[in-house]
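The structure is given below, and queries will be raised subsequently.
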């Protein structure tokens, strides 16, 4: 189905729903999904609406000028995305390949509505499986001394490949503030704990030492503050005293894969709306 | 907050959202929650919208005649409910009191937006706790021979108390077709299995014998076919070989309480829309 | 069934299982449950074994002198408990009554193998329901100025009632170091977050502000450091953007009840073994 | 670590633990894991014990004659397995490749303690990914008319490759009774529902039609009765009205992968003990 998706956030006001619904009806939109949320705490209106473009009488090239007056009236932040324009995703990986393989296989199976023009790594390890899935693999080594140059090289590759979204699939380097500032809400990370518990290094070891009864994983947008960005998805798994740290690491992989892939899928389908360092997931 | 809630289901058509939103905006509704769903399988439009009545300029007594033309145009089934009019709930119970106590305590705590004018039982066991919570307790014994009379007596009590909803809180009698036919979508049962697995008698024993790794509970509207009505809520809990049938029964109680109370709460808040022997939960 | 339960922890060594099994077999024990765990990280052996006393030929009054030589040989820490000797539990509560009511009802239903000689509160609110369940209710007001005196009064009541275990059922006061030092591994608290996330005050508010996708509850033994003691049980529940702080508080109650009651039950059944600020749950 | 694992089931009797522990201690076994279960319903004793072979003074070739007298005394069914002897696993697959890819990747990552000498399919589709992981891929087409011949060809391949375990990774053919009779408790299937609900064909469609609130997956040993063998593992995932059948199929894949891989892993680590058409999982 050839659809458009509109994401809107603005101060809550009377008449918002009517204004949006009338606009879409004027151009004969066939709405296939619509979801809205009134956040009473922050007095916000948040909405996602997706419509079939088959009978839509407004050329999408003219959408912005046609919709902007309504957006202005209600002080909306808004974006519109077309299912026909597939986002371009770069995956960053180090040596652990489980999230990478999971994403590549889902992509091949048609689960992820995107193109993956490249994988970037600081190690050679994941080359074979990446190339098996037909994706170019680039190695850019990173050390304490060459971080700025490495990021410049990464950035050049991302630009050259017109990348829209970066997915850190257990990429073991911390991105610089400069880098993350250039990709706001466009870098998704998977952290191997139930944030905010065990942010930072070695979360499974610390979970084991603390004696928690569940381990977790968290996917979030990357911001300047480590492991602090808006959370997109989390999940947990029960553990027992019979499992040592190595068992937690293994069990955690299954969490990491599924939590990261859900976050990426929702982002690609324009189901994620960020506000107040939080997300609304219209799923 | 003094609100009205409209539940709508009808064939999906263009212009539905606009028509409803415009109607509400015409009378200056301040929408506090709105949720809609397009079921592409059955080509249905389903919606729940709740608005604050403070600034609403239409007298709710005039709502039906004002809204009916729109309803007719789109072949809607619809109901409207007012938060100011609390539904009246009768709880049926036998000897197991855990669901009853749970509901009475939640009601006292303000979790359930209803009045509970009576509890009906076929045994004396639950009288003390019911009366502790200030609710009249009626015993109507049921046997093979007096079923019709017992149901007539129950019915008379329900009528006299203007009951809107019956909650079967582990009531161990099967209601007759005549009885259930008089209360369509107004009797909520809790079944102690993950339906459709283990419908009928002794589900924990059968779950134990089958060796399942999770047990469940299911709340559903009662229909003429036993354990077959529209499912409102389900949940499960992991079990291990260390647990025997008695342990499953104990563990299951926690599932039964929470699953039944969610279903009752959602029904009372007009969050449940039934179609095609299924429910949409606007929660 | 009339049983004894032995809990053992010691450095792991060859021959441990044989020594314990032989000891029990010598006195004709009929083992009904046995569970052991080798912690390879700390090189520890941990065991729980429960046996039917019907045919046991050793008088339990003579158990300690008979077993001590084995315990000495393997440097064991050990305790033995008899199902015939029900622990005596004091529940501390403030104004929120959901955990209290849950525990009292479970106790009445036979789920908790203990006596509850008293409930202590700093408020009058929970008197009626406590007394309905036949448990004496004592009010000891607590303020900044009288904390030491209040704890002395509590302590006197606990002593007078021969209390073995204190359960903090949403008791909103922090116990002093002096107090907790007197009750090592004998005070169980319920904290309304997934520890170590959101330790301290107002966890639901902070969970809402952080935008987590799951909320949790944690039961743990109280130590001198707030919310830092050995975790006995945790569980989580998914939330959505449609739920505000008040909804989290409501939803959290169900977690708190079930997590606290599991911890208390396991403690009473001698299923909890503490080591290295962690617990092994032999359940 | 080089270990041996003993699995035992027999009528429960006094002295069992002592006899086994003494036997192992006699030969200086260093026990690394031991778990036992008394099933009071069937009056059975079930045990798994794993020990390090480093200091073990009994040649494992002599284990059976040495242990058999004890086994005879207590009427034990028992098996012993050595970590040094990796089971040989054949994977059967049709066109859906998600479980196959998951298993191959886990195997490559060292999660599964086995060799995979071959994959057998009735279609060509999964050849490339199987061969990428270095595993020979055999196509044996199956039709109504050639079923017996096809199974004979499969059987010959399994024999030639000394296969110990068959994993049906969404293999869409029903095996004949003759075939399954030859591989008792050695064929693991993944069924895409929460058994016993929705056994047989098209479980996701039927789950959707019934309006369940959770979907599930079940791994089990294959017996002569379809979807009726001993359950090894199950798990579920919450769904909402926003998901249609295709979404359930996608979501179910994640359940299928993780549930099947856990079952295979536990089988390979000798953690599964079958009795009374049920399993005990010593995990």
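Note that the chains are named A, B, C and D in the order they appear, and that numbering of residues resets to 1 at the start of each chain.
As a working rule, contacts are C-beta pairs under 8 Å (C-beta built on N, C-alpha and C of every residue); 3 or more make two chains touch, one makes a residue touch a chain.
Bear in mind that the values here come from a model prediction, so they are computed numbers and not experimental data.
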Winner on C-beta contact pairs when A-C is weighed against C-D: A-C
Please decide if copies chain A and chain D contact each other with the same set of residue positions, more than half shared, or with different positions, and reply same or different. same
Can you tell me the C-alpha superposition angle of chain A onto chain B, nearest 5°? 180
Chain C and chain D, separation of their C-alpha mean positions in angstrom: 37
Compute the distance, rounded to whole Å, between the mean C-alpha positions of chain A and chain C. 41
I need the residues of chain D touching at least two other chains; which ones are they? 33, 40, 242
Treating touching as the only link between chains, describe the layout with one word: line, ring, star, complete or other. complete
Touching residues on chain A, where the partner in the complex is chain D: 33, 97-98, 101, 105, 109, 111, 128-129, 132, 242, 250, 254, 258, 283
Spell out the part of chain B that touches chain D in their complex, as residue ranges. 37, 39-41, 46, 194-198, 208-214, 216, 230-231, 233-236, 240-242, 244-245, 276-281
In the complex of these two chains, what residues of chain B are touching chain A? 14-15, 17-18, 20-22, 24-25, 28-36, 38, 40, 55, 238
